[in-house]
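Chain IDs A, B, C, D and E follow the sequence of writing; residue 1 opens each chain.
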Amino acid sequence: MKIARVAGTVVSTVNSPIFDHRRLLFCDYLTPDGEVTGDYVIAVDGVEAGPGEIVLIMDEGTGARQIVGEAIAPIRAMVVGIIDFIGS
Amino acid sequence: MKIARVAGTVVSTVNSPIFDHRRLLFCDYLTPDGEVTGDYVIAVDGVEAGPGEIVLIMDEGTGARQIVGEAIAPIRAMVVGIIDFIGS
Amino acid sequence: MKIARVAGTVVSTVNSPIFDHRRLLFCDYLTPDGEVTGDYVIAVDGVEAGPGEIVLIMDEGTGARQIVGEAIAPIRAMVVGIIDFIGS
Amino acid sequence: MKIARVAGTVVSTVNSPIFDHRRLLFCDYLTPDGEVTGDYVIAVDGVEAGPGEIVLIMDEGTGARQIVGEAIAPIRAMVVGIIDFIGS
Amino acid sequence: MKIARVAGTVVSTVNSPIFDHRRLLFCDYLTPDGEVTGDYVIAVDGVEAGPGEIVLIMDEGTGARQIVGEAIAPIRAMVVGIIDFIGS
């Protein structure tokens, strides 16, 4: 899994019931130091995260489909957690 | 998932019934700012997207096969949505 | 999926029935402009492609095993098509 | 699989029973010479590894879910071993 | 699949029956010209390969678990062949 920061919401014409109650979030991947890497991912919101929040991204289709509770869904990446802090 | 722009159609000798009604699209991956990255993907068209349109790419075989409704198909990447806009 | 050019055949001691009638092809990945990227893949030949031909690579194990018709096979990448041309 | 060094623990609001007894570890990927690469992974702790330990990372969802013994879990990467040494 | 050269053996505390009779090999990925890329993989030995040998790596969990004959195993990458030569 990776750390990213929510940048915004993607409005897209995607026909799938999983999007009736969930949003597609545009997320910037971060370095270990919290800097933007330049890479990004569009992930289904699984935790009601908002812009600016630091989140945990799981980029795997099988796991993502399990979380939304639908065996068939056009998704691969998902926001699965909001990161509070990273301790040593 | 990632954002890409449809560049054209790939004409290829691929023997699979899923290609009877669907096209293979050559798509340029874009940066968050909409610039071409230099990387690309060849994806099955799932939304009747045309050249120049900004689309949502899902690059995962299991999800792609679910969408086309065939358990066995030589595909991995798929155009699953047309992006209207990205809001903050 | 990606575009590549067949460079040659890999002769390897791999014990699997799928290799009785199929070859392992060494394929150079190409840029959208047809230049060699420096990256490559070793893929199972699914279309009887020869050296120099431009092919379509599907790099996913489940899909590759479906095509060869064996549920258990030590393969991941496969040549699934010969590309005729890319139109806009 | 890859080699990494545990840097710390990630405290995140993730709702899944697998996290009741396991921690999320922030791990820095290492080069073959043991240097930090700059890339990282957040992995579920499967071996009770602590900060500074050199570990073996398996970054695949199906295998990770098997190890924790739950068919449905929002995980993909896992610390599956502590590396004692690498011999020639 | 990719080409790599076996560099050595990884001694790690991993609890899984698949490691009772198999070793974990540290393998350097090679360029098409046989040069070391700097990237590596730790793979389960499926062909009794030794240091210095040029091998074929399959980096996919489902296929790897099939080869070792265990449905549940913490592995993803596997050495599936020893490469004799690459012809054109």
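In this text, a residue touches a chain if its C-beta (ideal position, glycine included) is under 8 Å from a C-beta of that chain, and two chains touch if they have at least 3 such contacts.
Everything numeric in this text was worked out from a predicted model, so none of it was measured.
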Touching both chain C and chain E (chains): none
Residue-number overlap at the chain A/chain B interface, same or different (half cut): different
Rounded Å distance between chain B and chain E, as computed from the means of their C-alpha atoms: 32
Centre distance in Å when chain D and chain E are each reduced to the mean of their C-alpha atoms: 20
Shared interface positions of chain D, touching two or more other chains: 62
Successive chains around the closed ring, taking chain A as origin and chain B next: A, B, C, E, D
Chain A residues touching chain B - in the complex, by the definition given at the top: 7-16, 24, 26, 28, 38, 40-43, 51, 61-62, 65, 71-77
Parts of chain B lying in touch with chain A, wherever the complex brings them together: 1-3, 31-32, 46-47, 56, 58-60, 62-63, 66-67, 78, 80-88
